Structure formats: C-alpha cells, structure tokens
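Per-chain residue numbering starts at 1, and chain names A, B, C, D and E are given in the order in which the chains are listed.
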Amino acid sequence: MTTTRPTPGVPGGAGDDTLLRCENVSLSFGNVRALVDVSLTLRRGEITALVGDNGAGKSTLVRCVSGIHRPQSGRIFFDGDEIAFHSPEDAREAGIETVHQNLALVEDLTVWQNLFLNREIVRRMGPVAVLDRRAMQARAKEMVSTLAVNVPAVRSRVRRLSGGQRQAVAICRAAGFSSKLVIMDEPTAALGVQETARVEELILRLRDEGHSVLLISHNFAQVIRLSDQVWVMRAGRCVGGRRTAGTTGEEIVSLVTGAADR
Amino acid sequence: MTTTRPTPGVPGGAGDDTLLRCENVSLSFGNVRALVDVSLTLRRGEITALVGDNGAGKSTLVRCVSGIHRPQSGRIFFDGDEIAFHSPEDAREAGIETVHQNLALVEDLTVWQNLFLNREIVRRMGPVAVLDRRAMQARAKEMVSTLAVNVPAVRSRVRRLSGGQRQAVAICRAAGFSSKLVIMDEPTAALGVQETARVEELILRLRDEGHSVLLISHNFAQVIRLSDQVWVMRAGRCVGGRRTAGTTGEEIVSLVTGAADR
Amino acid sequence: MANATLVSPEREAWSTKLKDVGFWAEWAALVGLVVLVVVFQALNPTFLSPGNIASMLVAAAILIILSVGQTFVIATAGIDLSVASTMTLGAAAFGQAYAAGWGLLVSCLLGVVAAALVGVVNGVIIARGRITDFIVTLGTLSAASGLALILADGKPVTIIDPALLSLSTGGIGIFGWSFLIAVAVAVIAHVVLFHTRFGTHVLATGGAPESATAMGISTQRVKIAVYTISGTLAGLSAILLIARIGAAEPASNTSFLLNSVAAVVLGGVSLFGGRGTIIGPFIGALLLVALVNGLTLLGVSQFYQPLAVGIVVVLAALLTRFQK
Amino acid sequence: MANATLVSPEREAWSTKLKDVGFWAEWAALVGLVVLVVVFQALNPTFLSPGNIASMLVAAAILIILSVGQTFVIATAGIDLSVASTMTLGAAAFGQAYAAGWGLLVSCLLGVVAAALVGVVNGVIIARGRITDFIVTLGTLSAASGLALILADGKPVTIIDPALLSLSTGGIGIFGWSFLIAVAVAVIAHVVLFHTRFGTHVLATGGAPESATAMGISTQRVKIAVYTISGTLAGLSAILLIARIGAAEPASNTSFLLNSVAAVVLGGVSLFGGRGTIIGPFIGALLLVALVNGLTLLGVSQFYQPLAVGIVVVLAALLTRFQK
Amino acid sequence: GSGGSTGSATTADTIPVGDTAAVQPNIAAVIKGLDNPFFQTMKQGMDDQAKAAGVPVTVQAANSITDTTGQADKLNGLAGQDFSCYVVNPISGTNLIQGLARLSAMNKTIVNIDSPVDVAAARSANVKLATYIGTDNVEAGRMAGQRMAELLPGGGDVAVVGGIAGDVTSGARVEGFQQGVGAKLKVVQTVAANWERQTALTAATDVMRANPNLSGFFVANDDMGLGVARAVANAGKAGQVKVISVDGIKDALEAVKAGTLDGTVAQYPYAIGLMGIEACQAAAAGRSLPANVKAPVEMVTKENADQALATTPKPFGTYDDPFKTLIQ
C-alpha cells in the first residue's frame, strides 16, 4: 500500500475524469492559518471523503469551493476551467450545491421556502413574476418524504424543527437541484440511525445518478462504507490521500492523528 | 434476555441507588406531543444512555430535567426529593450540569468567561465583589487542556472557534463543576476521532469519580461501549430500557425503529 | 383537485393558530384597534360617524405609506431613521421645482426622485460600507433635513394646485384619494413581500443573512433595494403631505419617524428582522391615528394626552401576552 | 510570576489587534474625535483654548451620563427610547419638590427616584411582559413626558440655587464639576460591566439570551436592572440639566434621545447586544459635542450644520472600514 | 440698563474702551431655530442692519425651538471667541444663564431680544443685560383675544392650538388670549400641535368634530395657523370659524389678505433683529441704552393686510426706535 501524495490529478491514476482540483490553496484568518497549500482532486461520479480533526480546515476548504471565501493564494479548477467565484451564487450557477455544517437555513421561513431559497419557482403574470407557492409546496413534499423519518410539514417554519429534521431539510435542498457536485459538511452529525441510513442511501443514489459528492465526516466507518477516495487534512494541510478500497479505518485514523508520520 | 419495562426504580433491580426518576412526564408544544407519559430511572454512579430517532423527544426530556421546561404533568424525583425547578439555576444548584445540544455558549464572550458563566470566581474588595479574572483564566486553561486537541486559547472569543472546539468548551464547563449528574446531549456529534476518544475517556472518568452521567447519542457503538443502562425513546414515549451488558447494538436499533414491536 | 388535497392536511387548524402566541403577536394591532374603537365609540358616538372615519383615514395615509417602507427595511433587520427627513427633502425638492414653474408632474417626479436618492445612498453606504443601519440613517436624517433647509432656504413654499387639493379632499365615499393611494401601496407591498422572489429574499436577508448569502442571495443588493423602497415611499408621502397642508415646508416632521417605527412594531413585525406583514403595520398606523383622534374628540387635556398615548401603546403591545 | 507567564502567550500581539477590524470598529469614535480635533484646530485656533475645552466638556457631561445608561441597555440587545423623557420627568419632579420648599437634597433625591421608577417600570414590563423594548420604551417616552407636563402643569420652575450654579460653573482647572461627575459615572460603569458578575451577565443576556438562561442566569432580572440603571442615570442627568439651564422644564429634550444612541453606536457598541465598552460611548458623546461646537466656532451657517453633522457621523462610522 | 463696554482685561488686544462712534462692535447672535420663517426674518433684520453699518455679525441658532441645552452649547462656543457684543434670544428664561454669566464676567455687552431672560435668575448669576428688545407674548395673545371678541360679538365657543405642550412662548400667548377674549367667549379645548402645520391641521379637524358649534381658533403661530385655516376650509366652515394666529410671516399675511386667515398678530422679528444690532452699535459707541424697548406689534386684518404685505418684513406702521438716535 503506497501513500498517494496529494499531487493534483494523480491519486488513483487518470486525470481526465477530474471534476475538481485544488492547487496550493491557502487562506488565513488573521494569524490563524486555516488552509496551507492544500492540493487535492476529486473525480467525476465518485464519492470523495475529506476527514480530519476539529479545526483541521475542512469547512474552510468547503467554503472556498462553494464561493463563500476566496483563497488568498492557489487555484481551483472545476469541470476543466479555473474558477474564481465571487459569491455562492456563482458556485451554485456552476453546479456546486453545499450542505453547510451550520446548515444555512433561515429559521423564520418555512421548510418549502428554505428548500427553494434563491431557486424559487415563479409564474409570469404579465410584467411580474409571481411565486408559484403551490408548485413549490408540492415539490417540497416529495423532496422531504424521500429522506426524513418524522417528516416535517413543509409549511412549518424551520424554527420548530428538531436538529435532525433541520439537517434533513438542508440535505434535501442540496440534493434536490441537479448539480455536478454536492458537498456535504458532516451531513449525519446530528442524525438518528434511520435518518443516517437514509442519507447514506441518498448519497449512494446521488453517485449512481452521476453526481459527484464531497463528503466530510468524522465517522470513519461511514467513510469507508461510502467513499471511493479519502483525503486527510491536519492543521490546515492536506496530509495524504488514499483510494478507499486500499485502506482501512485504522490507517485513516493514523493519518488523521499524525501517528503515521512518527 | 427480558425486556425491562420502564417502571420507576425497577430496571436492574435495586431501588435505593436511584438518582433520578421520571414518572409519567408529559409535555406538548401546541399540538406537538413532545413527551408522552415518560417514565425512567437513572442510577447513581452509572452512565445511562438515552437513544431515539430525531424528534423522539430526548432533548425535550433533558430540558425538563435541567429546569428549562416544566413538565405539564408527571413528577420528577432527584436524589430522593421531588423536584420542581423554576429555572436552570435551580437545577444547577441541585447538582445537575448539562451540555445542551445547542451548546448554550455565548459567542461574544471568551472561552474562560463561558466556562465560568454564572459560576464566576470573585474577590471581595470592601463592599464590592470583583471578578478574579486571573484565577478564572488559569483554571480555565487547566480545564480545557484535559480535553481538546487543538486547544483553543482561553482568552479568545467563542465566536472564533470551530464547531468541535465549541463542543469541547461546553463539555469542559459541565464537567468542571462538581455535580451529581452530568447530562450530555449528543456531546460528540461534531467531534473528530481524537476529541471523541477524549470525551469518552472523560465520561468514564466522571463515572469513576462518582458522578452520574446521562448520555444522549445516536452512535450506538459508543452507547454500548460506555453505558451501563440504555433507555429508548420513540415519538415522545419511552418505549423500553435495557441493561447494556445484556443487550446488543442490533437490539437497540430494533427498539429505536420499532421493529421489535412488530 | 389533487394539489389541494396534497396541501390540506398540512394547513394548520384555526383553533391551533388561535392558541399560538405568535399568531396573537402578529394581530395585536387589530385587537388593540378594535378595543379602542369600541371604547371611543361608547364614550363619544361621533367617533364612528362617516365624517370622522373619513378624516381619520386621510390623516393616516402618510403614516401608512411611511410604515410600509419602514416594514421592508425592518424585515431585513435594519431601521430607517431618515424616513421623516427624507420626506421633508422630497417636499423641499417639490417646492423648489414647483416655485420655478416646472409644473405639477415634473415637481412630483423630482420630489420622489430626491427622496429615492436618499434611500439609495442609505442602502449603498449600509450594504457596501457595512455600517450599522442605525448610524447611517441617523446621519442621513441630519443630512437630508439640512439639504431640505438649504434647498428651500428655510422657507415654506405655498402650493395652490387644484389637482393636489382634490387629492387631499376628494375621494370615493368615505375613502379619500390619499387613503386609497395608501391602500394601493399596501396591496402592492404585500404582493411584493409574499409573492415574489425579492420578498422571500428580503425575509431571508433579515432572518439569517449568512444563510441567505450561502444560498447565493446578494444581501447587499437586497439591502440597497429596501432602502430605496423606503426612500421612494417617503417621496410619495411628501406629495401627500404637500397636498394635505398646501405647502412644501422644510420642517422636520420628527413625529413621523417614531410613529412609523411604532406602527411597524405594533403591527407585529420583529425588529430583529426575518418576519413581517404589511397588514400589521397598516393597522398599527390606523391605531395610532385613531388614538390621537379619539383622545381629542373626548377633549382629553393636552397634558394628559401623551400619558394616555403611552399607556395605550404599551397596553396594545401587552395584548399579545394576555391572549395566551 | 507563574500566573503572568501562564497568561502571556495568549495575550494577542498589538500588531494583530491593529489588523483586526473589530478592534478598529471599537475605536472609531476615538479616531473620529482626533481627526475632528485636528481639523477644527487647524481652521480655528480657539478650538483648543482652555476655555473652549472646558465648555465642551461641561456640555458633554449630560450626554455622557445618558449614554452610559443607554450602553447597559444596548448591551442586553435592548434600547431605551425613554431616556430623554425620563430625564424630563426627573427634572419636573425635582422642580415641584424644590418649589414646594423641600430643599435641594430632597429635591435631588426625588428627581432621581422618579426617573429610576420609570426605569423599573420599563424593565418590569419588558422582562415580565416580554414585549419588545422598542415599543415599551416608546410608550414610556410618551407617558413620562405626559407625567412631567401634568406634574409641572406645563410650566417651568426657575431654580436659582448657588450650589447648583457652582455645579455647572465650578470645577477643577478645565474640568467642570459636571464633567467630573460624568467621568466618575463612566469609571464606575466600566468596573460594573467588566469586573463584576452582573456585568458578565449583562453581556451574556445580550449576546445569547437562551444560553444565559440555560446557565441559570435570570435574564429577566438582568433586564430590569439595566433599565433601572438607565432610569437612575437619567435622573442624575436631570439634576445636571437643571443646574445647566437654571430651570426645571417639562418640555421634551428629544435631541438627547437620538444623540445618546448615536454616542453608543459610534462608540462601537453593537445594537444587537452582547458586546460593549464604556470608553467608546464616552468618546462618542465627546465627538458629537465637539462636532457641534467646532461647526459653531467656524461660523458654519445654520442650514449647513445638519448636513455637516450628518456627513461627519457617517464618515466617523466609515472610518471603521477604511482602517482594514 | 447701562451700556456694556467693548474690550476687557482678557481681550486687551481689541479696541480699547472709547466713546467715539468709530468704534465698531464685533457681534455674535444666538437665536432660537432657523426652521421657522419667524427667526429667518429676525436674522434678515440683523444681517441687513449689520451690512448697512458695516459691522460683522455671526448668527447661530439652536437646532429647534426646544433645544435648550443645544442653544446653551452654541452660546458657550461663541463665548470663548473674540466678540464684543452678544445678541441672545433664549429659548427659556434661564437656559442661557450660565454662558451669559461668563460673558458678564468678561464685561461683554449682552443684548436680549424676543424672549426675555428671567430677571431673578439674571440677578443671582450676576448677568448684566445691556437692554431688552422684544414683544410681550402675553400682550400679543391678548390682542388676538380682543380681536376674536370683536369678530364674534355674539360670543361662542373657541379653541386654542398651542405649540409643544409645556412650551413657554406658547403658554404666554395662550394665557394672553384667555385674558383678551373676555367673558362672552369660552375656550372649550386646548390642544398641542408641536409647532407643526400638519399636526395642527389634524388636531383642528378633530376639535371641530368634537365641537360642532365652534366659532373660532386661536393658534400660537402662523405656520400652525395656516394648517388650521386649511382644516376649516376642508370642513367647509370657511368664514364660519374664525382663525387668528401670531407672527406675521409673509404667507400668513397673504392668507389674511385672501381671507382664509382672519388675522395675525405681527411681531416684526425683522425690527427686533435690526434693533438688536443697533443696540450693539450704540453700546460700542459708549451710549447708555434704555433698559426695555418695546418692539412693534400690529394686529393684521383684512383691512390692513395690503399695507403689511407691501412693507414686509418691515413693519408698516411707524414705531419707536430709540437706538436710531443713539448711533447717529
């Protein structure tokens, strides 16, 4: 078993089916070096996992890819082109949907309004575009029922939902719009067994439907179960990558903790 | 393997070493019946786990015990006396510390201020009691270093911490004050492997030092690993209890999902 | 219809709604208004005479329009302290144009544009400069009233225009034109807030700016838009004000500021943003106008009026709690 | 010392602090004040004459004290719109007691107690009734000024008292007594906010009320306390006001309301609560007073003054952004 | 009233005390609020006279006519500077006392115009006023009351629209009005309209509704008076309900001429401002000033409205200006 160095395009061989490539991405907050020369790639049609300790920089990397932060140096390529998103809207336009760790829900809006936030369905009525509430509510019901166990009413405000129900809504939203890449930042952290199982099913289904998935998780069993490729971050750096088929939970733990280096 | 019915004082036999007992506790929010006749007990010096799907009512039960909500009916006994907490302060006075699912941190305060929130150390200076910042900071450093891996600076504001770092702070706070019962609502949900391991160590240490622990977790492997007793909730009801030694992860899953009833 | 049945089981029962505190909070203004009307009518039967209703509605028109603008701003968790001064500036701009003989239409346009520009400035500074709404609009409060004084050289311009006069005195039945304009503004605002993408984005920006940003909503653009709306409506109010008093004055109109915010808050809109209705502030404005009207009708002494207003405002807000 | 070394590695370097936007936001008022002083002094050398400094400091005293009270309230994410009216009520109570011949001390006490009571009422209604601060204090704004009018029968009481006169004219060097009182109030407030349990609880209540509640802090009690502080300080201000204008007047002092909030916000305190300093609002108040004083010294025309004030207020706030 | 003298120990570099007419005063004025044409006219009177005499004058005003402390701050700002004569129009009887005490201590000339400084307060603070020029607001109200009684010989109910509740000037005018109307007229209601035209309009509408038999309004200033007149017209009661206000601003004079307003008590702020500057000149010349100068007041009605309009902002009648001769 050889350690694949995080050289762009290399892990696992082929370079053509690369969907996302980060090259030496760095970002600091004041004197906190959240990302230091991070390079990694993500293949089309695969589930790629990103693991690492708390504060390792995983969410920060995700936020760079989804247009919230802009890297201070380094380049990001998506679907063949170098990208420089100016806003999350750009990333969504380019086909990247994200389930953020903080879920990015608006508590005072209803479930269906959150699901269609900035993707609202409208009907033209003369010069004005009016929201098609009925269509959105019906579609929302479908989206939610595929995932949640205690299905939240799509007309209830998110404020009333339990932690797990909220997570389900956020995941539905990311999965609900045809996108090339779905990023999930700890999507099952607050979920129960049944919900977790459903989300895992959904992640596999997304892959089978041709989407690529970037999954961040602290649950290594889950990572081993689902992913095709694992990247490991430690203290802002990407310290290694493995094809999942050729690794074990123990090896990943040792990479995460740095035991492998010693 | 016999199913212990959730009869107060019964699970496992002995009744005298009961620390907490809930009898037919019910609570509704509008028409959401979050708790329906919940009865369970918790033994002194043990780790008791509470599991159940999202929205099953676990956090609501915890909030009743820690003085945030008051049950609409039913009784709660703690340490031999019936209790009717009017505020979380009462619960803390009685010796119940809680790590809430939402962490209950104040983002704009520093780590040490959060750790000592409403437990501030003061120095008398004539008629006035002045905060002993130095003492609190020193103590805070000790508390934090036992737990976190990427130790957050105790003087930095919580707003700057990563999700995992915040969780560590909240746990430190609950563990840091001598209490009879420490309640942890999904304490490792956002934690990395190393942090999770440390929290599990800490939970065991708390037990060994004579504290009782109520642990809520969706991670059944963890529940089996740590707990002495498991209670299962489903849709607001407590549907069963098991001594951990006599059960398996599979049985718990079937209780949670309701497969056992069919 | 398939769609209808799909939706109906989720429609909350009215009985549940009535038990919900949030529901009452949103309708406190209505309850307050009804109580007030009953009390005043019992004490003085002229209160509900058609003539008095008509004059109350006309008197409320300006406040309603300002409150609608304020609602958009407050829904984004902002506040527009400059509404009243902006209205004054609009009036001053109108006055100068009219005095220069540019005609009614151009003058109206100029008044609205001047006020809208203040809104744009507010919005741009707040959104791009990322300065607290409170301090920016406090600054433009002062700056706009200064500009109005400079423009008008501190003097009122008497405007005698038949069209404007009929705007303030004519109408359909007991509904004066200016009140009907206010109703039209409120209806449009309701549609915009609840039936357009923009409206949803306004609520999202107020409720959870970070989440809105993460979903690709440009909260900056939304902020600029709401302040522009508020400014534009202040300009429209300026025209109604001129029509009402027959003059364009550079006077400060301070009472409109606090009253517009009070109407919004009494209308159940949270100052923390993210929630809002248009009907609430509409009724809130009516409540405030009816209150002063009723107290005057009853001949309550001028010294006791502020006390009575204060108590009623607090009681109206307290209603939300007693209903539980 | 062992303790010191334990702590020192965590002390953020100044260079880091200077790069931090939050740091500049908190000190914008100071930067603004320094810029203003430099500009005014360059344009008119009497600006920094001892006499002018002395009169600016005295002029700032009342605003400083009101802003300190307002800071406590704003730190809990509230707002006290009634400060100015409460001060008026305090003055009216003082005036009646003094006119009745009850002597200076009793009159002062009564004035402060009356104002403190308004604060208690605010706090109790807000905390127990759970009504938005804005609407409650808007109500008491009106009610307190009504009470002041009723109490005084709408007439001012001239207060000629040598002790009060020396309070407003005497002092140590360029520091008038009233300014020294304001400094003392600010120092005590700073200690309370940052070196007592209560202060921490105030910040926690404002920053995350649910978390504070979960930790057993009675946010209700904290709310009542901060409004009582604000009311009491308004009462103290009333005495300084009487000393300054030589009369207890029931007329409203509206400009103090917006100025007190402006001073707090310019002082870098967030209206969303949870953060705060005392020195910031202190400097914010000085900035606002120096601004008007400087414009007067320069002989800026009356019409241009509001415009200038508005622009400077926004620029002072913008400073926070340019520093990055 | 003794004349103030220019120059003092603290400002030795300025013109020494002298009795020649060539000695020019350096004048600062602090008046109430410029958002009302009344005060602008006052300023115009000052500016015109200063220009004519070639003396410098700086006019500052409070932010509004309720801004007592703000006005005090402005006076204090000017007090530190090198002016020899201060013209003040205080918002209340005492709000400027502290600054005036400082000026008196420096031997500056203080000319009090329009609203008087409280005599007792001035005495106790050692404030020496060179002269007072102004109209008696009680007197102005009384004139309005008498006129109202003439207009309504049969008696009836009248209402009063005041400024901000608790305002001193408004209070004095209302008091005078009540004295002037006599026994036949009854004041049935007094409302406060905050010196705002819009508020006055709304309040007057409501008052007429409450008192259908109302036959007259006394309004504490012209701006509000125009709003009340409009309310009367809107209610279709033009001519039926009389409206009299105070000030004599141009728009009000025109309204009187047009018959929408039944009268205004013109106070001629122009003359007050002008005489204020003259007083400074006279004091600088070492003349001794009269303690009290009554500024002209005219009851403007439809009969003399043309005359008033022709000379506005100057008074149309002749009036006594004792300073004219002093500065000759």
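The working rule: a residue touches a chain if its C-beta (ideal position, glycine included) is under 8 Å from a C-beta of that chain, and two chains touch if they have at least 3 such contacts.
For clarity, every value in this text was computed on a predicted model and none was experimentally measured.
Visitor: Shortest hop count from subunit A to subunit C along touching chains?
Guide: 1
Visitor: Taking CA centroids for every chain, report which one is farthest away from subunit B.
Guide: So the farthest one, by centre of C-alpha atoms, is E.
Visitor: Could you tell me which chain lies farthest from subunit A when each chain's centre is the average position of its Cα atoms?
Guide: The most distant chain relative to subunit A turns out to be E.
Visitor: So which has more C-beta pairs touching, B-D or D-E?
Guide: Higher C-beta contact count between the two pairs: D-E.
Visitor: Quick check: how many Å separate the C-alpha centres of subunit B and subunit D?
Guide: 43
Visitor: Using mean C-alpha positions as chain centres, tell me how far subunit A is from subunit D in Å, no decimals.
Guide: 48
Visitor: Would you kindly tell me how far, in whole Å, the mean C-alpha position of subunit E lies from that of subunit B?
Guide: Whole-Å distance between the two chain centres: 74.
Visitor: Once you find the CA centre of subunit C and the CA centre of subunit D, what distance in Å lies between them?
Guide: 29
Visitor: Give the residues of subunit A that touch two or more other chains, as numbers and ranges in rising order.
Guide: none
Visitor: If I count partner chains per residue in subunit E, which residues reach a count of at least 2?
Guide: 34, 64, 165-166, in rising order.
Visitor: Among the residues of subunit D, which ones contact at least 2 other chains?
Guide: As it turns out, subunit D has residues touching two or more other chains at 149, 154, 254, 302-303, 305-306.
Visitor: What does subunit D use to touch subunit C in their complex?
Guide: My answer: residues 81, 125, 129-132, 134-136, 138-147, 149-150, 153-154, 254, 258, 261-262, 265-266, 270-271, 302-311, 313-314, 317-318, 320-321.
Visitor: Can you check the complex and tell me which residues of subunit E touch subunit D?
Guide: 34, 58-61, 63-64, 66-70, 72-74, 76-82, 92-95, 97-99, 101-102, 118, 120-121, 124-125, 164-168, 171
Visitor: For the complex, which residues does subunit D have touching subunit E?
Guide: Answer in residue numbers: 46, 49, 51-52, 55, 58-59, 62, 148-149, 152, 154-156, 158-160, 162, 165, 168-169, 241, 244-247, 249-256, 289, 292-293, 296-297, 299, 302-303, 305-306.
Visitor: Would you pull the subunit A residues touching subunit B in the complex into a rising list?
Guide: Checking each residue of subunit A against subunit B gives 29, 32, 52-56, 59, 101, 148-150, 160-165, 167-168, 186, 189-196, 218-220, 235, 253, 256-257.
Visitor: Okay, in this complex, where on subunit B does subunit D touch?
Guide: So the residues of subunit B in touch with subunit D come to 66-68, 87-93, 98, 100, 102-109, 113, 117-118, 120, 122, 128-131, 133-134, 137-138, 141, 153-156.
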